[in-house]
Amino acid sequence: MIIKYFSWIKEHVGKSEEQVSLPSHITDVIQLINYLNEIDEKYNIIFEKRELIKIAVNKKYSSFYTNISDNDEIAFFPPVTGG
Amino acid sequence: MIIKYFSWIKEHVGKSEEQVSLPSHITDVIQLINYLNEIDEKYNIIFEKRELIKIAVNKKYSSFYTNISDNDEIAFFPPVTGG
Amino acid sequence: MTNNSPQINIKIQNEDFDVSKEIKILQQHNNTGAIVNFVGVVRGYDEKNDQIINSMTLEHYPGMTESEIEKIIVNCFKRWEITCVTVIHRVGNLKPLDQIVFVGVSSKHRQNAFDGCNFIMDWLKTKAPFWKIEENNSEKNWVSFNDSDNEALKKWEK
Amino acid sequence: MTNNSPQINIKIQNEDFDVSKEIKILQQHNNTGAIVNFVGVVRGYDEKNDQIINSMTLEHYPGMTESEIEKIIVNCFKRWEITCVTVIHRVGNLKPLDQIVFVGVSSKHRQNAFDGCNFIMDWLKTKAPFWKIEENNSEKNWVSFNDSDNEALKKWEK
């Protein structure tokens, strides 16, 4: 699975994307977030304000409860500021 | 007094403007219209649908009851179609 | 620009205009974030009379045109925070696809620019003394006023 | 053009754009009477943090950006009769007074073009995955989302 980070989330994680092998028991976004938080506390700072984080699965806006699999591309980013 | 005509009104009158010496008893636009109609019936066709005619006195939108004097510039035109 | 009062540019001309150039002028204020502009284009087809239009000729009332447009812009400034307005209206003979009118409004924030531009166009359509005659091969027709343009003004009543 | 379905042009690029050229493309339909376009400009002053901005850098999410903008445009077509839409958004480093975004909407009648352009800008502001970082001499600040942009969407609810 590819995980992408944008804006200040990218800076906190220290990379714009990473490859993660998804354990088979993880089936939705919220489980992925909890899993990342267990691996490394650098993710805590990002996900402690979960209500502010936007999620995309395969480049579509998604929710904490969107189902995911190892072939998916997940992205975490703050609210957008273009235009 | 200068009287100006625009659009199809200009075509009916046969000129874009004319100089008229205003008789002293004429003090507003409606009196001017009645006066013109008496002089020449070419004006009838224009003023028979008075509710469709727009009036300007000295380049400002005015009404049938706007006061006028011999120094004024009066214009008669149909509703505008620019833009 | 140090002058904080809104800038007004009004041009009545036969020549075409360059929208990019006009936008460069509108964006010269350091505080401008949004420019909304309207470009009117001569249509090649007259739906009302179901016929092709070969060309059109626009006449106007010099002096009154400029002052009516200026009144509209001043009213616009009373309702929204605007930095700059440019109105260019062409007169004379025009062909289908020609640009006919430009209304550009700049502001700090976009909704003011959208509303200001929309407001100016609606009032220009009903107050600025221009008249169009459409020409095809066989005849000339003075364009008649469109009642929907009076309807459009109702949204500014509140 | 004989094709009656609305045309969509979406470009994400670092280069500047020429509004006149984009409008020429939008006005190529014989049935287009009105083009409304929005040009966003980089402001030289950050009101929230009360400081000068020297430059800004925009990043985006390639692929998702284009598909989100396309969805917005398709929703726009469902609500209004539109002939053509062009959206250009710049990314990378930009300076104050630079053009940053262009949204151009053409239609037979002006109110559809005004509403369509306003609608696309409002949704682009809240959905298109772009992020700005503002740079001055001493620091860099990621721009934070503006709640007024969510407020702006309410006018499209009805």
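The chains carry the letters A, B, C and D, assigned in the order they are written, with residues numbered from 1 in each.
Here, a contact is a pair of C-beta atoms (placed from the backbone, for glycine too) under 8 Å apart; a residue touches a chain by one contact, two chains touch by 3 or more.
Not measured: the values here are computed from a predicted model.
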Smallest number of contact steps required from chain A to reach chain C: 2
Distance from chain B to chain A - Cα centre to Cα centre, in angstrom: 74
Inter-chain centre distance, chain A versus chain D - centres from mean C-alpha coordinates, in Å: 27
Euclidean distance of C-alpha centroids - chain B vs chain D, Å: 48
Chain C, residues touching no fewer than two other chains: 40, 121
Chains grouped in pairs wherever the two touch, ordered by label: A-D, B-C, C-D
Complex contacts: residues of chain C adjacent to chain D: 18-21, 23, 27-28, 30-41, 43-45, 96-97, 99, 106, 108, 110-111, 113-114, 117-118, 121, 152
Residues of chain D touching chain A in the complex: 40, 58-61, 63-64, 67-68, 89, 100-101, 121, 124-133, 142-146
For the chain A and chain D complex, residues of the former touching the latter: 4, 6-8, 56, 59-61, 75, 77-83
